[in-house]
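For reference, chains read A, B, C and D in written order, and residue numbers begin at 1 within each chain.
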Amino acid sequence: MPPVTVRVQPDPFDTAHETALLLRGQDMVGGVGAFTGVVRGGNGLVALELEHYPGMTESQMQRIADSACERFGLLGCTVIHRVGRLEVGMPIVLVLCAAAHRGSAFEATEFIMDWLKTRAPFWKREVFADGRSAWVEARADDDAAAARWDGIVAAAGAELKK
Amino acid sequence: MPPVTVRVQPDPFDTAHETALLLRGQDMVGGVGAFTGVVRGGNGLVALELEHYPGMTESQMQRIADSACERFGLLGCTVIHRVGRLEVGMPIVLVLCAAAHRGSAFEATEFIMDWLKTRAPFWKREVFADGRSAWVEARADDDAAAARWDGIVAAAGAELKK
Amino acid sequence: MLHILYFAWLRDRLGRADETLPLPADARSVQDLITQLRARGGEYGAIFARPEQIRVAVNQRFATVAAPIAANDEIAFFPPVTGG
Amino acid sequence: MLHILYFAWLRDRLGRADETLPLPADARSVQDLITQLRARGGEYGAIFARPEQIRVAVNQRFATVAAPIAANDEIAFFPPVTGG
């Protein structure tokens, strides 16, 4: 099996360090696709507070990372998701997918992000400058993006209302 | 205009540093798409030697980065391409695209990579363990990938045989 | 005993993060448990009257209302996720 | 004067990275220049007899064989690119 790292942590991550770890000892990697999610401001937002379901989060992240390795023939995969209070402009999530060719690296990175947005048990609360806070609602277009990937994602996240 | 950085250099790049620069002073970025190209081994390859067309390379990279910003509504873009001798496992190229939403960050990163593969004046020579070396030939599937992006890429790279 | 977990606004509105209770006598599925919780009335009644706004996991895997439940299961209720 | 540049295997085979020559009398386009270079014979003849394997840039922009050329232009010949 290729090297897979999944972590949930309050601390920042170091993209360069994680990329170096992913490449270490490998000589058939042609490219690493990456995505860094960032707290986007606007409307007086000052921070997000992220909570998750300890245990389930990590096991689900491991499953989807393994599944991405198999589906896209990855040579390695790293998924790190932060929790706790994160100010505007701070990185929240990092996905790295190493592959022989760039096409599968790009596809796998998008696949994992779509999955994280719709099937990983994290919840965000928005905290505003005036002291208000509110739970973020799920977005229909995230569900649509995840639906592109057919059976695998759907099976991983069957909904209550069925 | 959003911040655009393009560079051609023999030295390694620092992805974390470049990402931090791209995010500095911005508060509407929701995600950064990234791709790191790496020297892939196999068949006794020990290194690539990359040459380029100084002047044209930088101006073409600037054009495509500006065009990606406009086409995908990017909030910033960084493209760094290394030249000279690069051993197996070493990073060659870095593309970072910052956007409000992940869809455009992913698309722009792929767009720029497809363009670099087919329209940026770089050439690779493969150096093998037994001392042989050979220029890499262009790949038809890279042309096909670039063709997805229609007018913009085609116009930037009209071929001699027309 | 069932271990029941609540996350995000379910936890806020119910005022608890988890509870432990015996497997109800007639409860065979998640739907049976939802019916029992709804019968408590108050915030439980309001929340579990609208199962379309809730997701469920049984033993840390997403599940449907039809999923069977058994003693010692961990059942989690939460809103649609918003990570990434 | 035209400044002509050669890259990658064109430079290797021609044994030079660039040359400067007066705009040939009848040369109005890249095609006219290619015809002149081909007429030199030897490696020039062999390479410029097969323009489909060559790309060209005029003043650092990709161009077609139909592109006009003028005195002081920088004309570059090279194989299809392989960066990224």
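Some observations on this one:
The rule is simple: contacts are C-beta pairs under 8 Å (C-beta built on N, C-alpha and C of every residue); 3 or more make two chains touch, one makes a residue touch a chain.
Chain by chain, the UniProt names read as follows: A, B = Molybdopterin synthase catalytic subunit; C, D = Molybdopterin synthase sulfur carrier subunit.
Note that the coordinates shown come from a computational prediction; the quantities given were computed from them, not determined experimentally.
Within the contact network of the assembly, the step distance from chain B to chain C comes to 2. Chain C has its Cα centroid 26 Å from the Cα centroid of chain A. For the pair chain A and chain D, the distance between C-alpha centroids works out to 49 Å.
With centres taken as mean Cα positions, chain D sits 73 Å from chain C. Chain C has no residue in contact with two or more other chains.
Multi-chain contact residues of chain A, defined as those touching 2 or more other chains: 37, 113. Interface note: chains touch in the pairs A-B, A-C, B-D.
The touching residues of chain B, when paired with chain A in their complex, are 14-17, 19, 23, 26-38, 40-42, 88-89, 98, 100, 102-103, 105-106, 109-110, 113, 145. Of all residues in chain A, only 37, 50-53, 55-56, 59-60, 81, 92-93, 113, 116-125, 135-139, 142, 156-162 touch chain C in the complex they form.
Listing the residues of chain C that touch chain A in their complex gives 5, 7-9, 12, 30, 51-52, 54-57, 60-66, 76, 78-84.
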